[in-house]
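After this come two complexes, each holding chain A, first together with chain B and then together with chain C.
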Partner chain A sequence: MIAPTARNDLILIGAFAAAVLTAPLWLAPIGAGYPDLLQKFAIYGLFAIGFNILFGFTGYLSFGHAAFLGVGSYAAVWSFKLLTMNVLPAVFFAVLVSGLFALAIGFISLRRTGIYFSILTLAFAQMSYNLAYSVLTPITNGETGLQLTTSDPRILDKMAGIDYGAALPTTDLFGTEMTGYPGFYFCAVLMIIGFVIAVRIARSPFGTMLRAIKSNQNRLNYTGINTRPYALAAFVISGMYAGLAGALLACTDPLAGAERMQWTASGEVVLMTILGGAGTLLGPVFGAGVIKYFENIFSAFNHDILMSIFDFLPGWLQGIVVTVSGLFVGEGWHLTLGALFMIIVIFLPGGLMEGVGRIAKLFRKDGGAANSSVSTAPGE
Partner chain B sequence: MAKFDTGVSRRNLLKGGLALSGALAAPTFFTRHAFGADFLNNPGNAASIKLGFNVPQTGAYADEGADELRAFQLAVKHLNGEGDGGMLNTFSSKALKGNGVLGKKVEYVTGDTQTKSDAARASAKRMIEKDGALMISGGSSSGVAIAVQGLCQDAGIIFMAGLTHSNDTTGKDRRRNGFRHFFNAYQSGAALAPVLKANYGTDRVAYHLTADYTWGWTQEESIKNATEAVGWKTAAAVKTPLGAGDFSQYITPVLNSGADVLVLNHYGKDMVNSLTQAVQFGLRDKKVNGKDFAIVVPLYSRLMAQGAGANVKGIFGSTNWHWSLKDEGSQAFVKSFGAEYGFPPSQAAHTCYVQTLLYADACERAGTFAPCEVVKALEGFEFDGLGNGPTLYRAEDHQCFKKVLVVKGNENPTSQFDLLEVVQEVPREQVTYDPNIPQFAGDLGPCNNGA
Partner chain C sequence: MTSILQVKNVNKSFGGLKALNNVELSVEQGTVHAIIGPNGAGKSTLLNCFVGRLTPDTGTVDFDGTSLLGKQPHEINQVGVSRVFQTPEIFGDLSLVENVMIPTLARRDGAFKLNPWQRVDSIAEVREKAEHLLADVDLQDKKDMIANSLSRGDKRRLELAMCLVQDPKLLLLDEPTAGMSRADTNKTIDLLKRIGERGITKIVIEHDMHVVFSLANKISVMAQGTVIAEGKPEQIKGDPRVQEAYLGGAHL
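So, the complex of A and B:
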């Protein structure tokens, strides 16, 4: 890829910010330009960026990151319930709580590496899920999920004299409601900030140390370097990203459910990162976008929509084409996603970013001497 | 390593900032509320309207979801004047003419709830924000129904709940924009208890296995209260995770608990598994306290009976509706559903079909799609001819009050669909309760037009 000079990084960040902020325009033609999906793109993009710091940079595959997402959500909703409907305290507490939670889990899990580490994080996440699902029902409201009620105390709002009347209050940022497009821009700005931080980490000595841990931790240990604090820092940082993503989920839709912590949700972020390209800066964001697009748009194609798409075909052929393609959309969207995932892992082990790199190479005269994304093929 | 302060001059920063603010402002020109609309997704002069059908297409309740979707599609056909009209011909309100709703053709969008609150809300939001749906219906789990109902209330859209049996949907979590036609756990208890008393006597000890979520909890509470009122005792109530698959570890302790009745507060594939395993463990051949051991499934459905096969024979439960009912409305519905798909509809299909018709009829009577007017048209609406006899949409909690069926697994089924036998049609008076009893106390709040 392009050499990581300060100038190129600045161009990268600028282009990224511009692309994200204009997303409502260029995503509209493919049916994704509506606020809820845009918010999901930004939030899960942020989640994947954070996950990539641990998995892509440091080489630790966590199968329990959804736990931090869930903890962030619960913390944010409790902030809405107890303090104020303003999103800033919610974001702050969510990042804080999930950071502390990640510190505790990371402290224990990081005593092992490789598959044992993955299993430990998976076990912790599943424990958190079951706790949230039934044992901690007074805090999490179990399966139904934690919701706002009109009788919540909201101490700071009361002190500021804000009265929401009989209707349920909505989240806001100093008066701007955090639903629809304003909600998306709030998430988008935080994702851009998150992206900038990830770029800075990647270029810092700390980032170099993380990559060293990924390439050969034993060698580092033999040279007398204690790698644990670095790995733990990466773990906590990525846990805080997940907590922030969880808080944003709660800001745009003030509800927190236990299923956010389920192992399938943890697996989803792994898929996002691998699909987009682990270890690359932009890859996880692409991966998150592709998966959320499939989940929301492909799952909504039904028989009638397919019929109208293939309207130009003669009647008998239309029936066959619709029946066959119907297997891959609607309830079959998992199938399409699975097939796409297999194709990418087999032919582009570096994820979508490797595909982008190869296309870019075709257009470059020098044949692309420095293709850094190939070296980040996921091992698991 | 890399230094950022190289190459960013004040001039570049200003330029960048300007470009950024331009990019930020641009999309606001394209937002939906650019011009005033008196309610969200107002179709205005459009020739068609969109309804959103949000059902589980994957997961433990996928069978119910598939059947619900069939019913929705049938309802849309009938509203648009295609097919034989189904229950439109027997419905006591004659506002619908078979030319769509308020002269607009009815179209629909579908989505997969995955039986998860998050996925269901994302799917419902897509329908509201992207497709411009005026009403959301569906759902086959109370947790999801409550989550989507809350979303529709906040957005300003009507929610016509599909299959949801928890007391909370129209109890503690009731909302002004949400309506439920399906019966609830409390009504199951009120309908079942006298039948259980007549068949098993007053001196029984029950053991509950309960799906661990809102519906399971309220059903356990309701059945416990109703059976204890006729003199039964409760040995224990154990929570099982949703979608557990293997229930053997929960069934083994039942035998040593001294209980002589097992109450399965499960639904969908969970109920199929737990019932099958309970029968395989030989519970029904046991004699405890000198009495035959009995199993009760408070919420029954034909789809589940089909899954559990011969194991359901002689087991009592309750349902909202069953295709073997002989009234005009049920017959018309079964006929047109059968003609379309080749088999009789389930109770999930029935309630979704009826909800769609009721919404369309309310819009027609209100003369507008504005949610607050539709709410007024539905509140206190008394109707007949939709399969459950005379029915009231109660204004206080948006719950329908109608007959509830007590059914029993058929001992001698004549076909693969003839698995349940209606024991009693419990009259509406017996299952009516005060909207503010402690299990139900909640607040509808104000109605919301969105926009």
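So, the complex of A and C:
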């Protein structure tokens, strides 16, 4: 464990920022160096960082965070439609709207703890999902999803004299289109800011109270702390992160659909956080990266690619191996994810970060004294 | 002497069971007041009425001139009542020094403060106070350890430090030596005597007569939900009603 001093945190943040900004270079050799996937890494990394503030720090397992992701996307697309194609107002409104939404849902859900809290959040998210499909169709455009049209008002753009003519407009940041690498760097910068905020929260008295809630909420109440507003603040902050992630999804690809709010999407961020290491600072980003990487790489494998990989085997064996491994790739990549998740949870309950910690310990002679649990050492 | 805690006519029933029956209690400032009684006498129920975990059906509980009834546990703590639990309630995943810093922050910043931008380790006064209290309970060598790794006796002392750091006006101790070895018990008695010098009023619930008679200035004996006797330790020792109810006629 590295002591969480101000200096070490600066090193951590610096190293994180450098690694994220140079990601196109060092991820290229493993086939992940293209902008679409890099954008996903940054967006879902941000989503998981925020989720970790609620789940990892405070110990409240929300199964409905995709609702905030969806709300963020809708808010951003509406900003594109009504105001301007510039991404900054979209991001601002998405964070604002999802924050208010989280305030309302958190206020009700946080009346309960443990499994009841999880079920309440799940219920709210599924309600949002179904509402988006049915009665809220005027806002969400139902099954088709909310899309840009050439006839959108875009008041601010009109005032600034920007005319997209007959073509469908594209999102931009003061003229720079938010696709490809610029899109990735925009998401990456916001993720780094999000990471810095998470580090500051973890080191603050506020963050200490959040960890105390996770550790022993009863004692904290009898210690003179009103735990509800602390938990609610954590809930709203993590909802705002989710809204920001949703907005970025819309910035890089300006449409929003209700399926973004489905429970599978909520479950995915839980997996990312646990896989990487709940309660650690870097873990959720790792977890998000690993899951999105596997999703892209393994789901792209098909029968022909497998045949060529196992070409060196004798014909009959090649057939068997390809049939078996075929179950784990393509449409079946979830099977790989499931197996990986089981292995991690059984052998590394603290997630990938625990694995990193164990390896680091092997290389350190004085590792014996640093035998503390991962959850208490978010900077590990 | 002025009374800091006034309990009048308190009743509490759980279904058909009358757990507290017209309990009257007056705790004087600066004293150690022990509440003893057999299992099921209502001692812990009474304590729970003081800290906001339970609300009495009838009666009043006044602390330092204000009523404690209807207040949340954190509000009661903020007016100066701290509690040590029967099984130590600590922040098991956090370090010892963090365990003591949390109540210090609670006293300094109140029940809620949104300060996510300040570094907790930069607040020197809070850390110093916490480390000072850990030294008072002889845990300074273990201050960076995780609280769950402590022995039961050490956890108890840690919890005591967490309460003392708040400079409470009233400290409630629910069986502070339960499950401890004789040696640990004696250490705890010494510690409680030492903190007695700070002038904190204490209510002690205890089964161990050795502990009670070493510490208490005044003893209330409860049986079947009501206070059957009250007085100085020597008066209680000789009271035949107490021996009948509590000790089944055996001699102390």
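Assume the second predicted complex is superposed on the first by the 366 of 380 C-alpha atoms of A that agree within 3 Å, B and C clash if a C-alpha of one lies under 4 Å from a C-alpha of the other, contacts with A are read in each partner's own complex, and residues count from 1 in each chain.
FYI, a residue touches a chain if its C-beta (ideal position, glycine included) is under 8 Å from a C-beta of that chain, and two chains touch if they have at least 3 such contacts.
Not measured: the values here are computed from a predicted model.
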Partner chain in contact with A:226 - chain B first, chain C second, else both or neither: second
Contacts of A:203 with chain B and chain C, given as first, second, both or neither: both
Contacts of A:216 with chain B and chain C, given as first, second, both or neither: second
Partner chain(s) touched by A:328 [first = chain B, second = chain C, both, neither]: neither
Contacts of A:92 with chain B and chain C, given as first, second, both or neither: neither
Which of chain B and chain C A:257 touches, first, second, both or neither: first
More chain A residues in contact - chain B or chain C: B
Doubly contacted residues of chain A, that is, touched by chain B and again by chain C: 4-6, 203-205, 208
Chain A-facing residues of chain C, complex: 51, 72-74, 77-78, 82-83, 85, 89-95, 98, 101-103, 105-107, 109-123, 146, 162, 166
Footprint of chain C on chain A - complex, ascending: 4-6, 197, 200-201, 203-209, 211-212, 214-216, 218-227, 229-230, 233, 372-373, 375-376
Complex interface listing, chain A residues touching chain B: 4-7, 9-10, 14, 17-18, 21-22, 24-25, 28, 31, 34-37, 40, 130, 133-134, 142-145, 147, 150, 166-168, 170, 180-181, 185, 203-205, 208, 249, 253, 255, 257, 259-260, 295-296, 299-300, 302, 304, 330-331, 333-334
Of chain B, residues touching chain A in the complex: 1-4, 6-8, 16, 19-20, 23-24, 26-28, 30-32, 57-58, 62, 108-112, 116-119, 121-123, 125-126, 129-130, 143, 146-147, 150-151, 153-154, 168, 173, 212-214, 239, 241-242, 443, 445-446, 448
